[in-house]
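Here chain A shows up in two complexes: once beside chain B, once beside chain C.
Coming up: the complex of A and B.
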């Protein structure tokens, strides 16, 4: 009998990893392939969309040049004039000049006003919903809030132009205009204008900001709140000193997502904005145009331009809008990923 | 194996049966089809009820739309296999859709421009009626206000902002004009009404002609309280809701505009007379303007001379491609067009008067029939 003693275990190579490819796992592999395809599709779709937009906008990018970002007028030109305009090898109708400045102004200003109006309402409402309202009612009111997010934007547009706008123009706008504050005074019209559009946009983005804030407020550690109360702070001081600093970053992230939604909003703005081109609004009650509403409003006219430059220019406007909203969405999601694992509202498109 | 053989066999059988049955239908129907030949000067049109049911899709001009809506039932009553499906959307959309082939006919108050004609050989604009456009205003208590094209051009440039402006008072002696702010309303969609209105402004105001000029979509000068509307019904609604507004509305929406309480203005024509749009003044304008219509039928009727001529008059065009997909569609379109312009078919006084339109003058009928005859498969 031989006794084999092992002085010490020989240093051996690390154990081989278990074999991933086992026979009979073909079904697993095909499922993985299918899922891989499904995962690639959204990325491929986005890449294809960007490629097509750039391709369609390219003639306009060359034709318009840098002037696109410095010109005030957006005009198809005179289709019935003799002759055409040719710049850098691309043709457009005589007198055509495409500039995006007032559109960017309208888009950015209306969206920012909407966010400025929506954030206090959403944060206040969310804190109320999460902390003050009896638990029985929280569910019901929370559901109503989320229902607001599901209303189609065209319904908001119709409501804005037939009910909300005229009502406001007869009451609130007249009072504000009577104060004669610069930029807040002037003819109030029938309600079609920047302030009405911003208010309707604010109503549309309140659910996005409020539901995120509500989740964040719920996640504030109870021990911090109870400690504050124990130290003698009132509940409003607790909110101010404990809750709000805790949720601040998340609220900013949600606001950026709401901003992205407002930037891209088309139909509601098309209906209520008044579609005022080639000049800047003089007051907050004046009609204006946004990039998205201009694309929608001008598409039919652009298709009658036989040179095609009108459609290319609208595609260029769309490209700029795409870039702005992608950046806003990216910023919002990157900020939000730092603290929240819960799914954020994706936000509906048009 | 049996299943693999059977499937293609069944498919072939059903296809052959379908082909066979359709040819049977054709042959059995030729005996009952009444093929009519309309003899006009030097043009023979072959029209009649096509052998297969055809739906003619149309969209475009909101000025032409009510007239086409009227013609839907009588057309099918006369020719059972032809159904007309009109839709509004603006002349710009009508032209674009006709070019793209989305619809068989595009309704337009504007004729095609040289760029569109050269890019689409075979595309034609065929007039079927004569219409006009009035300028309405919302000033309760003021009736029969007189306006000129020059005043309107200044309003739409923002140079005249109050209704009691000196220029307006000068042509309305004895009328008390209110101090209300003028609110101009314009069309946002690619519009034939915009085309004829801006043609009128270009003919009467040099700054307008050198600036925005005319088109289905123009660069409107920035006027701070200007409103926009979609389609003629939209213009009526917006003007009704806005005191002090002025809007250009096609005559087919005239009844709605009157019902909304808007006042119809009298416009100054080339001879200096102030006239309102009615069949006499429209007929005077088209008679003056249709003496030498070009073969492509692109003829404006704006600001025609004549003491009784109304200044904003236009042909209502249907934009059609000369080459159609098949013989049935071509026959259906030819038949519809020939019937529509016939005074015993679509252009009866009853149908025209409801929209305040006027029938095509007989002098253009040869050219129109020549164009219709070009529609072939």
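Coming up: the complex of A and C.
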């Protein structure tokens, strides 16, 4: 729609006298290139982050080899020992061993539990909010979603460790443990552990899924809903037959984004998980660790490793985490292209 | 008939229960944080620093961070959003937008880690305001880009056509015709970015450091205190006093967030009115 295209003479048109340029058109090009640079920055930042992560992790990738994914001991070794550990030409402290299997397990399992718990709650809540609550109240009740999306993860941690976890371990966990189902039994502790962390993660990703679902439910054509009601269906049947099929793809895409957020969550998990390294939790109530929380917990001590391998290995942990979350994000966005209407929220669902 | 009615009632009660599961933790969180903060609340919180019984330096540090993010992420993000909405075309538009959205899914700890490796260590900036602001800005940039783009796209096309018809350059069109009605939408996006910055810790943990002094305006080599660090650090310190300070810092963060959300609501209401006025 710009003038510059208009000024270009058509090939068939007769030659026109040179036109005096309007003021401002000359500046157009430079403004446009400044804006283009700005538009490239996010993509460039993404490329730089990935490049830098690979570069930092590379010595560890060579040093650890396949053992990184097959062993379960993550230790930076004995920094006071004489001698060093050398593999494939790279040096690490004596006894250093970097295996992230329990971390991958903790990350993936806690995030999946979180998504499984969050999806029905978000979808149910969003459908209620969009279909049943009077418009006047929708704004007020919608504030809960906005607030929840805005609450910092460290506050989630504060709440989880002092209020939510202790409350659950005194009540719900005791009852579940009394049933003696394998993996769901054993000491429940003070509420630090996998189930509490998963529950808190679930609460954190509810806004992402719920706000998308709410927008999608609002965009369901009224004609279809009215038609279903006119055929004598009850309102819940209308939801099942008309609304749910309409929003399904979008909800799945938002759930994948929620999964990505749960996988990458650091601080809340660091506070609530109980930081249990080098072994698998024996029950769902046991402490555990995730990749993100380990990076945050370990960097300080990794810096004391004079061989530098600890820092490289943490970068490799970050690289694996990055790969998993980027794949989840790509999958969610690809899927979301299949439906039109409300776009996916960026990141947190604010 | 009655069976269907019962099922209907059961469905909606389940939905209400689900909504309760969203509302209850939110309320519980607010109450829990403010309740735990009670012993530490008082004016000394605002006027004493973290080396005695206040968090003045942390509050100032967080505000300074917000200002930095507003300038850096705001400037770059709005410019990028304008480009994507008004100038970019075809494949490279989709390419840039897609990767900007992918950047939004980047785990914040990874951004912090790279910020540490690159800015703090390789550039020799040390724990500093510049490293912290850049890390945070990369985190929130996609939000600003997205909301700016969406706000501009809601401006009706006939305004662009009329402007082109009058012979205005595309720069003037954006600046004088399109930005004013899109402004409320852009501002509410910026507020979301600020809200996220207020509450983030993972990208700052290894880039900002901490200090008991009030923050200085020096960009590099000066550590920066901020609120979420106080919450996190005092959480694991022994003693009721530290725990109360942690919760108090949490309460102040929440108050800041609530203010930001309220302002954002007012602004986005303005945005809706502006859009309504434009559609004839």
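The criterion applied here is as follows: the second predicted complex is superposed on the first by the 319 of 350 C-alpha atoms of A that agree within 3 Å, B and C clash if a C-alpha of one lies under 4 Å from a C-alpha of the other, contacts with A are read in each partner's own complex, and residues count from 1 in each chain.
Following the convention adopted for this analysis, a residue touches a chain if its C-beta (ideal position, glycine included) is under 8 Å from a C-beta of that chain, and two chains touch if they have at least 3 such contacts.
Computed from a predicted model, the values in this text were never measured in an experiment.
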item: First (chain B), second (chain C), both or neither touched by A:187; value: first
item: Touched partner set for A:320, first chain B, second chain C, both or neither; value: neither
item: First, second, both or neither for A:56, with chain B first and chain C second; value: second
item: Partner chain in contact with A:75 - chain B first, chain C second, else both or neither; value: first
item: Partner chain(s) touched by A:282 [first = chain B, second = chain C, both, neither]; value: first
item: Residue contacts with chain A in the superposition, chain B compared against chain C; value: C
item: First, second, both or neither for A:120, with chain B first and chain C second; value: second
item: Touched partner set for A:163, first chain B, second chain C, both or neither; value: second
item: Chain B versus chain C as contact partner of A:297, first or second or both or neither; value: first
item: Chain A-facing residues of chain C, complex; value: 4-5, 7-8, 11-12, 14-19, 21-23, 25-26, 28-30, 32-33, 36, 75-77, 79-80, 82-84, 87-88, 95-96, 98-114, 116-118, 138, 141-143, 145-146, 150, 160-161, 164, 167-172, 192, 195-196, 198-202, 205-206, 228, 231-232, 235, 243, 246-247, 250, 253-254, 257-258, 260-261
item: Of chain A, residues touching chain B in the complex; value: 73, 75-76, 78-82, 84, 93, 95, 166, 186-187, 189-190, 192, 274-279, 281-282, 286-287, 297-298, 300-301, 303-307
item: Parts of chain A lying in touch with chain C, wherever the complex brings them together; value: 1-4, 6, 22-25, 27-28, 31-32, 34-36, 38-43, 45-46, 48-49, 52-53, 56, 120-125, 127-129, 132, 141, 143-148, 150-159, 161-164, 203, 206, 210, 234-237, 239, 257, 260-261, 263-267, 271, 292, 295-296, 299, 311, 314-315, 318, 321-322, 325-326, 328-330, 333, 343-344, 346-348, 350
item: Chain B - residues contacting chain A, complex; value: 89-90, 92-93, 95-96, 99-100, 113-116, 118-120, 181, 183, 188-190, 213-222, 224-228, 238, 241-242
